[in-house]
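There are structures below to look over.
In the two complexes that follow, subunit A is the common piece, with subunit B as its partner first and subunit C second.
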Partner chain A sequence: MTALTLHPTSLWHVVEHHIRRTRRSWAGLLLSGVLNPIFTMLALGVGIGSQIDDTSSLGTNGYLEFVGPGVLAGSAFLQGGFTALWPTMSQLRWEGAYQNVVRTPCSAAEVLTGHLLWIALRLTFSSSLFLVVLLIGIGWESSFALLVPFIAALTAVSVAAPICAFTARRETDRGFALIARMVVTPLFVLSGTFTNVESFPAAVQAVIKFFPAFHGIELTRMFVNGTSEIGAALGHLAVLAVWIVAGWFAAVLGFQKALTP
Partner chain B sequence: MITTTFAVRSVVERNIIFFRRDLGILLAGFLEPIFWLVGIGIGLNSIVNDVEVAGELLSYREFVAPGLIAVAAMNGAAFDSTFNFFYKLHYLKLYDAMLATPLTLSNVVSGEVSWSVLRSTLYASVFLALTAVLGLISSPLAILIIPVAALIGFCISAIGVFSTTFIRNWHDFDYLSLALQLLFLCSGTFFPITVYPDWGQALVNLTPLYHGVELCRHLALGTVGLVDLFHLGMLAGATVGFGLWAQKRLEAKLLD
Partner chain C sequence: MDPAVVARKLVKQFGEFTAVDGIDLDIRSGETFAVLGPNGAGKTSTMRMIATVSRPTSGSLSVLGHDASSEGRSIRSRLGVVPQEDHLDVELTVRENLLTYSRYFGMSWAEAKARSDELLDFAQLTDKADDRTDMLSGGMKRRLTIARALVNTPDLVLLDEPTTGLDPQARQLLWDRLYELKERGVTQLLTTHYMDEAEQLADRLVIMDGGRIVAAGSPEELIASSTTREVVELRTDDEITVDADSGIQVEVLRKRTLLYADDGAAALEHVRARGATPSSALIRRSTLEDVFLALTGRQLVD
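Now for the complex of A and B:
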C-alpha cells in the first residue's frame, strides 16, 4: 500500500459527481430518504402513541418523543447500509464510474473517502428536514438538537464504511439481500428504535450494543430530548468512531483491490 | 400443443429453480416480520393499553401478531410482482423469450402470479405457526388464515403487476416502496384504524392490506362475522379487477 494521501480537490470531485447525478434522481431521494422516515415516525409516534397512557418507563414525556429520534437515527443507519450495497456495487462494477475515476489523478482511497463523504452529506441534509418536522411535533428541548443531523450522518457512515469493505470484495450482488434484510433491517428495528432495549434478554442487548445503530439512536435521543450526559455521550461517539475508522481502513483496501486493473 | 397446466407449471418451476440457488432470500422473507413482532409487538406489550377487537380486550402483542401474518403474505408477493417482474420484463427480456416458446401471455402471467401466491402462502404459514407457538393465537379457525394469505398474495400480485406496467425506470420504484411502507404502517397493523378521522377510515377501507389484516385478526380470535364477507369481497374484487387490467396492459406491451 502506497502512502495514503487524501487530496481535498479529488474528494470534492467524487462528491460533485454524486451531486450532479442526484440532479436527475432527487425526487426519489426525497421520497425514500425524507418522506418515508417521516411517515414512519408519524404513523407509529401518533398512531401507537394514542394507545399509550404512560411512557415514564421509556424515559420520555410521550411516545413521539421516544420514537422520533429513534426513527431519525435508525433510518440514517438503514440508508447508510443500503447505499453501501447495490448503489456502491453499481458505481464500482456495473456502471463502472469509479473505474474511470481512478484513471485520473484520483486514487482508490480518495474515491472511497469521497463516496462516504457524499453519504454523510446526503444524510446531514435529509436528517435536517426530518428534524424540523420532529421539532414541530414535540417542541424545542435543547440546543444540542442542532447537532443531530451530524450524528445521523456519522451513524450512516458507521454502517456504510464496513459494508463498503464487503461490497468491494464481491464480484456479484449475491448475498446483498441477506445483509440488507438479516443484518441492516433487524438492527434498525431492534436497536432501541421503537422500544427500550432493556425489555430484551441480556444476550440480545449485548449483540445490539455491539453494533453502531444503538449508539447513534441513543445519542440522537439524548440530544433531541435534552437529557445529555457527557460521559455517556462520549462513550456512544467512541463506538461510532471505532466503526467508522475500522470500516474505512477495510474499505480503502477493498476499493484499492477492486479498482486496480 | 402443450396443456395449460404444463405451461403454468413450467413458469413456476423456473422460479423454484432460481430461488433454490438463493435460499437465503426466502429465509430473510420469513424472518423480517418476526423482527417487527419482537421490536414493536412484544417490546411495547407492557406499555401499550389493551386493544378492543370485536368486544374482546387483547394484549398489544396479541393485537399485532395476526396483522403481521397479513404483512408476511403481502411481502411474499410484493417483491416478485414489482421489482423482480420489472427486471425480468425490461432487463432479462425473460418474457420475450418465454413468448417465443409455445407459452402464451396468459400462461406466463398465471405462472408468475401462482409463484407469488405460493410464496405468500409459505411466508404466512410459517409466521402463523410461530405466533401459535408463542401463544398469540386463540382460535382453531386461525387455520383458515392460510387460504386468506393466498388471497392476499393474489391481490397484491395483481396490483403489483398492474403498477409495474406504469414504471419507467428504477427511480420510479421509490414511489412504490413508499406506497408499500404506508400500507404496512397504516392498515391497522400496529394500531386500530379508529385513530383516524372518518375520511381517513374510509380511505383505509379502499386499500388491500387493511382487509387482509382484519380477516387474519378475526380468524386468529375466532370472532368471524358478516363484516368478514365484505373484507373477502374487497380483496377478491381488487384481485379480479386489477388482474384483468394488468393483463390488458401487458398485452399491449408484449404482443405487438
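Now for the complex of A and C:
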C-alpha cells in the first residue's frame, strides 16, 4: 500500500466534483434518496400502523415510532450499498472519471476517501430531510435525534466501504445484482427495519447482528425515541466503526489496484 | 536545466507478463519525444509509470527531477496527461470539465475560470463551452482532453496516441496545437502509431518492441541508419531479381514488391532492364514507417 497520506484539500475536491455533477441530477437523487423512503415510512407507519393496536413488543409507543427510524437508517444502508456498486464502477471504469483524477495530485486513497465522504454527505443531507418529516409525525423526544443524520451517514458508509472494496476488484458488473438482491436488500428488510429481530431464530439473529445495518437502525431508533443506553449505543457505534475502518482499508487497496496498478 | 525524464533499467511486470523490460530513457526539457511501437510493445505501460499512476517493478525513474516512486504527488502537480481514452465527465459541460479538473490542482475558482476560458479558446471550443461533452465530435473531445491536460500549465505533457481515430482535419488542428506548445517550451512525450505524426512532431524518438527499445535517435537518423534513402513500390506478379552487387534490397509482399535503394529511379531501371514489367511503380523517400516495419516486422499484432 502506498501514499496513505490524505490531504484534506484533495478529499474536498473529490466531494466538490460530485456536488457539481449532482447539480444536474439532484431531482432524481431527491426522489430516490428522500421522497421514496418518506413515502415508504408513511405507508407503513401510518397505513399499516393504524391496523396495529399493541406495539409493546416493539418497545415503542406506536408503529410509526418503530418503523420510521428503521426506514430512515435502513434506506441509508440501502443507498450506501447500491452507490458502492454500479455508480462506483462507472466512476472507476465505465465513465472512468476517477482514472483522470489520479493523474492530478490526488491519490487513489484520496479518491476513495473522498468518494465515501460524498456518500456520507449526501446521506447526512437526505436523512436530515427525512428526520424533519419523521419528527413532525411522532414529535420531539430527545436531543440525540440531532445525531441521527450522522448515524445514517455512518450506516451508509459502513456498507459502502466494503462493497467499494469488492467493486474495485471487478472488471465488470458481474455479481453486482447478486450482491444487491442477496445481501444488501435482505439486510435492509431483515435488520429490524420493519419488525423486531428478537422474534427471529437465534442463528438468524446472529447473522443479522454481524452486519452493520442492524446496529445503524438500532442506534437511530434509540436516538429518535429517546431510549438511548450509553453502553448499547457505544456497542452499536463500535460495530459500525469496525465495518467502516476494515472496509476503508480493503477499499483503499482495491482503488489503488484499479487506478494505480 | 534538469532533464524531464530519466529512466534506468525500468521494468514493469504484471504477474508473469513483462510489459516493459529494462529500458533506459533520457528526455530533455523542451523537446518533443516520441515512443513508437506495435500494440503490446510497452508504450502505454511506460507512459503510465512516467505519469506515476503505475509503480515500476524495478529500475529507477526520475520525472522533472523527482523520484517517481516516492514523489508522485509533486510530479503529477507539474504534469499534463492526455490518455488514450478521453474519459470526459459526461455529467458536466465542456467548461465544467476544465473547471473541475483545475480544482484538483489547487487552483482557486477565479483562477480556474480564467484558465478554463483561456484553454477553451486554445482548443477552439469557446462556442461549445456550455454543451455537455457527449454532444461533441471525436475531434472536439480530443481537443478538450488536451485542454484539460494543460489546466495546470504543465512542464511535461504526456500524450498517449493523441490523434488515433481522428479525421485528417482534426489531426492537423491538433498538430497545430502541439506545435504551439512546443514553441512555448513545453516538453512533450507522445506515443503514436502514425509514423508521419512522429516525423512531423518529434525531435527524437525510440521504437519499442516486446517491452524493449529496439532503436533510438532523431527521425532522420533512424531513417539513415535503418533503411535506404528511397523505396520503390512495384505492383507486379513478376519475380524480381537484382544483381548481387547492385545494393538494392528486395522485399516481396503479397501483391507488391518493395525495392530499397538510395536511388529509386536507378533501381527501377535496373529491374526493368532485367525483364520486370510492373503495372505501376512509385518511387518515394523512406519514412519512419519503413524503419518501424524493418525493426518490428510486418506481423499483425492485435
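Just so we're on the same page, the second predicted complex is superposed on the first by the 259 of 261 C-alpha atoms of A that agree within 3 Å, B and C clash if a C-alpha of one lies under 4 Å from a C-alpha of the other, contacts with A are read in each partner's own complex, and residues count from 1 in each chain.
As a convention for this text, a contact is a pair of C-beta atoms (placed from the backbone, for glycine too) under 8 Å apart; a residue touches a chain by one contact, two chains touch by 3 or more.
In this text, all values refer to a predicted model and were calculated from it rather than measured experimentally.
Student: Mind checking subunit B and subunit C on superposed subunit A, clash or fit?
Tutor: The answer is fit.
Student: Could you tell me if A:242 is touching subunit B, subunit C, both of them or neither one (first, second, both, neither)?
Tutor: After superposition on chain A, A:242 lies in contact with neither partner.
Student: Could you look at A:234 and tell me whether it touches subunit B, subunit C, both or neither (first, second, both, neither)?
Tutor: Touch status of A:234: no partner.
Student: First (subunit B), second (subunit C), both or neither: which does A:50 touch?
Tutor: In the superposed model, A:50 contacts subunit B only, not subunit C.
Student: If you stack the two complexes on chain A, which partner ends up touching A:146: first (subunit B), second (subunit C), both, or neither?
Tutor: neither
Student: Who does A:58 touch here: subunit B (first), subunit C (second), both, or neither?
Tutor: In the superposition, A:58 touches subunit B alone.
Student: Tell me which touches more residues of subunit A here: subunit C or subunit B.
Tutor: Of subunit B and subunit C, B contacts more residues of subunit A.
Student: Angle at subunit A, subunit B to subunit C, CA centres, as a multiple of 10°?
Tutor: 90
Student: Who does A:132 touch here: subunit B (first), subunit C (second), both, or neither?
Tutor: So A:132 meets neither subunit B nor subunit C here.
Student: Just checking: does A:25 make contact with subunit B only, subunit C only, both, or neither of them? Give me first, second, both or neither.
Tutor: After superposition on chain A, A:25 lies in contact with both partners, subunit B and subunit C.
Student: Is A:4 in contact with subunit B, with subunit C, with both, or with neither (first, second, both, neither)?
Tutor: Neither partner.
Student: Quick one: minimum Cα-Cα distance, subunit B versus subunit C, in the superposed arrangement, integer Å.
Tutor: Subunit B and subunit C, overlaid via chain A, are at closest 11 Å apart by C-alpha.
Student: Can you pull the subunit A residues that subunit B and subunit C both touch?
Tutor: Touching subunit B in the first complex and subunit C in the second, residues 25 of subunit A appear in both lists.
Student: Which residues of subunit A touch subunit B in the complex?
Tutor: Per the stated touch rule, the residues are 25, 27-29, 31-32, 35-36, 39-40, 43-44, 46-48, 50-55, 57-58, 174-175, 177-178, 181-182, 185-186, 189-190, 193-196, 199-200.
Student: Subunit C touches which residues of subunit A in the complex?
Tutor: 2-3, 9-10, 13, 16-17, 20-21, 24-25, 95-97, 99-107, 259-261
Student: Under the touch definition given earlier, write down the residues of subunit C that touch subunit A in their complex.
Tutor: For subunit C paired with subunit A, touching residues are 14, 51-55, 72-73, 76-77, 79, 81, 83, 85, 87, 89-92, 96, 99-101, 103-106, 148, 152.
Student: Mind listing the subunit B positions that touch subunit A in their complex?
Tutor: Going by the criterion above, the answer is residues 22, 24-25, 27-29, 31-32, 35-36, 38-40, 42-44, 46-49, 51, 60, 171, 174-175, 177-178, 181-182, 185-186, 190-192, 195.
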